[in-house]
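Structures are listed in the sections that come next.
Note that chain A is present in both complexes that follow, paired respectively with chain B and with chain C.
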Partner chain A sequence: MSKLDHALYEIHHMDTLADKDQWLNRIHPLVKLIVTVSYIAVTVSFHKYSLAGLLRMGVYPAALFILGDLSFTDTLKRLRIVLPLVCFIGLFNPFFDRQPVTILGMFTVTAGMISMVTLMLKGIFSVLAAYLLIASTSIEKICSALRMIHIPSILVTQILLTYRYISLLLEEAGRITDAYSLRAPKQKGVHFKVWGSLAGQLLLRSMDRAEAVYQSMTLRGYRGEFYHGGNTRISKKDTAYLLVWSCLFAALKLI
Partner chain B sequence: MHMADALISPAVAGTMYACSGLAAAYSIKKVRLETDPKKVPVMGVMGAFVFAAQMINFTIPGTGSSGHLCGGMLLTALLGPYAAFLTMIGVLLIQCLLFADGGLLALGANIWNMAFYGCFLGYFLIWRPIMSGKTGKSKIICASVLGSMITLQMGAFSVTLQTLASGITELPFSIFAGTMQPIHLVIGFVEGLITAAVLVFVYESRPEILMDVTAKEAEGRFTFKHTLVSLCVVALLIGGGLSLFASSHPDGLEWSIERITGSGELDADASAPYETAGRVQETTSLLPDYAFKESDSLLGTSFSGIIGSLAVLGVCVGACYIFKFFRHPQKKEAK
Partner chain C sequence: MSHIHISLEHVNYSYDTSHSVLKDITFTAREHDAIGLIGANGAGKSTLLKLLVGLNLNYEGSIRIEDIPVEKNTLPVIREKTGYVFQDSDSQLFLSTVKEDVAFAPRNYGLSEDEVNRRVEHALANIHIEHLRDRQIYKLSGGEKKMVSIATILSMIPDIILMDEPSIALDPKNRRRLIHILNQFEHLKIIASHDLDMILDTCSRVILLSNGEIIRDGNTVDILSDKELLEAHGLELPLCMQGFSQISH
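After this line comes the complex of A and B, so read on.
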């Protein structure tokens, strides 16, 4: 699967997951956003040697994976982007921090090794938390939550439009690169002689599309503000969800 | 270069959110002042374009690897710094949520490292100053490559500082920065070339889309005829003017011969062929030793330069016509 196809698949897959009618999906998007950001902030705030404390933070993703009926293997694929960078930085810790902490049989565990594992766990937990948010909440709902906390409409509308047109332009880019690769078999990537014309054509088509989008939006009554439907009220269930997780995170941090 | 949540402490993340938030608030104010109703849809679609274009692999010649274009620099050249900055925020948020490329907590830092430098520094310090005056392809290439390299260097340096300030790594600053900067210098150069290729294509197709490139300037672009005339003028100026300052010292070959034989010129054997060739050369050469015959005037040197340039031009044009005449008949037909 090419990079473009994979990106398209990922977007459609996420849309399907977010459209499911499950209790986790029905939680108010703003509440889920606050819980997710709080969880990540508490997770990364653990001291670099606090491995035991950090391991306890695994409760949140574990609970939501079970309750939300989400595939854990799908999530592992998402770690391939974050883990290499985190590992690259973490791998140096055992070399620079050789202070022995404990001895396990013949093996001496150093402080650098613990900080390396802690760093990797922080990376994994934060990716899982973001995945749980987007797998249970559509971009439209996240954008409506952003509007509720008074993020300017110009930014929110722009994010929504970008998201809306990503699929279309990925398909268009896919068609262009497929046509190119059929004419240039055995060639990996796009030859430097056509760098400009290939991406440039896509750009000019996108500009034309933007013009058409604007005209069609105007015809449908667009006046610079994005209107979203659905229930925007925070229910008692949402408040309880927020309180339970907030208290649990505080308790896990303070223990 | 996306920062992960694990690499940043909440304090640093909060600071970077505040910095990026201020830049975003100012950008929103500026975009609203533009009162262009089309701006937001264009920003949305351009954000999607950057996202899609970054998925295309551009082969780097001779390496077997590939690169992608520099979104910040491209957007700032097309939309201006404020709209480009807001567009990049959207792209980074979607990348973070959908593809786990960067983290939610580190989003403020990523916006600063990739959008702020690319859009604001890229525009105000690089694109606009370089584009002032007459615009041309070379200026676009220069601005794109320089812009991508400098803004990526700034971004990579910020990643180093943010990670160290968060107390995440045991790596000493010098080693961390020494690893990050050279890698991103190469990446910046490649991204700059790809961005330049796209912007040059836009310049040739629809120059009015580019920032600081007016349609009038675009009309006055250098055509083949203009380039040829300019080259002729430069050649005549060098041949006729700068030749007066030509060094009277021996050239490399003469200097070597002088070192070996003690004389700058070799004495030819007094055999018949050499004498005959020498006599022919004396008779036919109009300007021996780059001067009029039996005259040391500076006018002769200038005249020699101009005549020489014209002669070379004549030979080149003549050679081209000869090659064209003898070109393969099939190619002629194909044309």
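After this line comes the complex of A and C, so read on.
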């Protein structure tokens, strides 16, 4: 698979995950959104030395991996670019904060080391929580949830269409490079002399495509408001889900 | 006499000022007409269809759909009556699953979710693609996408159907189904196609375009059996008619 195909495959793979008919996927999108946001808020609010407390917050992603029947190794592979970046942030703490805290055998643990680990964990947990939301909720549903909390329609439609246009752009780029490589079989990659015109082509074509998609939407009655079907009511099960998690987060934060 | 649904008078259109794509187009279409729009590549078929739903607006002359002039502020009303199938299905479909995409138009028209579901089921059943309902669109084949595109406008229950090359990419069986659906649809339909055999099976009237002008507007069989006329404008006899001439050779 070429890099482009691979990128497309990844996007579509997320769609497939979000489309599974499963207990977690069926929870109301607004509830999942609120739980995710509050989880991230609670997680980042932990004090920089409270490692034990923070570790307990790992319960939520762990539970969701099980509930959502998602593969943990797959996730790590998919997040392999983001996670190291997130971890990088805390890397210098041990150098600034050399106050010893405890001694484990030969090894002196400094406060900086602890704050490094908590900072990394905060990042990892937040990224995982966001990933779990996306992997169990389609972009249409997330957008409908955003509308329910009265995020302006223009903004929500932007998000939705950006997501769709990314695939269009990648598909278009894939077609162009395929067509190129079929007629230039001996080259590795694209010769730099045609980069300019290929990029131009890509821009024009994706603008055309975006325009056509927009036309197709207006032809079928789109007037700036995206209606997502499905149940908009919050069921007892959803309320229970919300209550259980928010109580748990509160408890984990307070003990 | 059934009432007039589409009327064009002296319509001129050009994408850029240098050369005009449509020249002095005048015709009317009535409620139960089935019109085949034929012409060589670049004759202006797609452009004409796009004018009818207001995708191209800066035209000269007058275009009226059910007596409403096609203008920027009348587009919502006109488009609610009209189902338009793009030449290229990738432009038509943009949501993740088939069901979502077919439900898009009914939802926009404010129908209840029950009614939306009924419409979706009906549209899919009508062209025998219920099995595609929960499939993701990017995984469909070209022909399957075409069938889904057709379903997306059937769910609108339109008064007018406009189709740009609908039979392209379809296998013989699906092409048969399409012909069947088109024949079932009693209201006005205009079909632009190079598949003259399909036009012969579905349309009673043909408009022949060449270089943006209407060359002939009349009975399907008369025009499609006129070998000289067709060849003069870059077309050939429908396959079913070519058979006869070869046998007589």
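Please note the rule applied: the second predicted complex is superposed on the first by the 228 of 255 C-alpha atoms of A that agree within 3 Å, B and C clash if a C-alpha of one lies under 4 Å from a C-alpha of the other, contacts with A are read in each partner's own complex, and residues count from 1 in each chain.
As a working rule, a contact is a pair of C-beta atoms (placed from the backbone, for glycine too) under 8 Å apart; a residue touches a chain by one contact, two chains touch by 3 or more.
Note that the coordinates shown come from a computational prediction; the quantities given were computed from them, not determined experimentally.
With the two structures aligned on chain A, chain B fits next to chain C without clashing. In the superposition on chain A, A:Val59 makes contact with neither chain B nor chain C.
Contacts of A:Cys247 after superposition: neither chain B nor chain C is touched. Touch criterion not met for A:Leu67: it reaches neither chain B nor chain C. Touch criterion met: A:Glu140 reaches chain C, while chain B stays clear of it. Contact with both chain B and chain C is seen for A:Arg164 once the two complexes are overlaid on the shared chain. Using C-alpha centres, the superposed arrangement gives chain A a vertex angle toward chain B and chain C of 80 degrees, stated as a multiple of 10. In the superposed model, A:Arg220 lies in contact with chain C only, and not with chain B. When the two complexes are overlaid on their common chain A, residue A:Cys87 makes contact with neither chain B nor chain C. Note on chain A: of its two partners chain C and chain B, the one contacting more of its residues is B. Applying the stated contact rule after C-alpha superposition, one finds that A:Thr16 touches chain C and leaves chain B untouched. Contacts of A:Ala179 after superposition on the shared chain: neither chain B nor chain C is touched. Closest approach of chain B to chain C, taken over C-alpha atoms in the A-based superposition, is 9 Å. Taken together, the two structures place residues 139, 164, 209, 213, 217-218 of chain A in contact with chain B in one case and with chain C in the other. If you check the complex, the residues on chain B that touch chain A are 2, 4-10, 13, 24, 28, 31-32, 37-38, 40-49, 51-53, 55-61, 64, 66, 69, 78, 86-87, 89-91, 93-94, 96-101, 103-105, 163, 167-172, 175, 193-194, 196-202, 205-206, 209. Within the complex, the chain A residues that touch chain B are 3-4, 7, 10-11, 14, 36-37, 40-41, 43-45, 48, 78-79, 81-82, 85-86, 89-90, 92-93, 95-97, 112, 115, 119-120, 122-123, 126-127, 129-131, 133-134, 139, 142, 152, 154-155, 157-166, 168-170, 172-173, 177, 187-192, 195-204, 206-207, 209-211, 213-214, 217-218, 224. Across the complex, chain A meets chain C through its residues 12, 15-16, 19, 138-140, 164, 167, 171, 209, 212-213, 215-223, 227-230.
For chain C in complex with chain A, the touching residues are 53, 55, 75-76, 79-80, 82, 84, 86, 88, 90-97, 100, 103-105, 107-109, 113, 116, 134, 136, 138-139, 152-153, 156.
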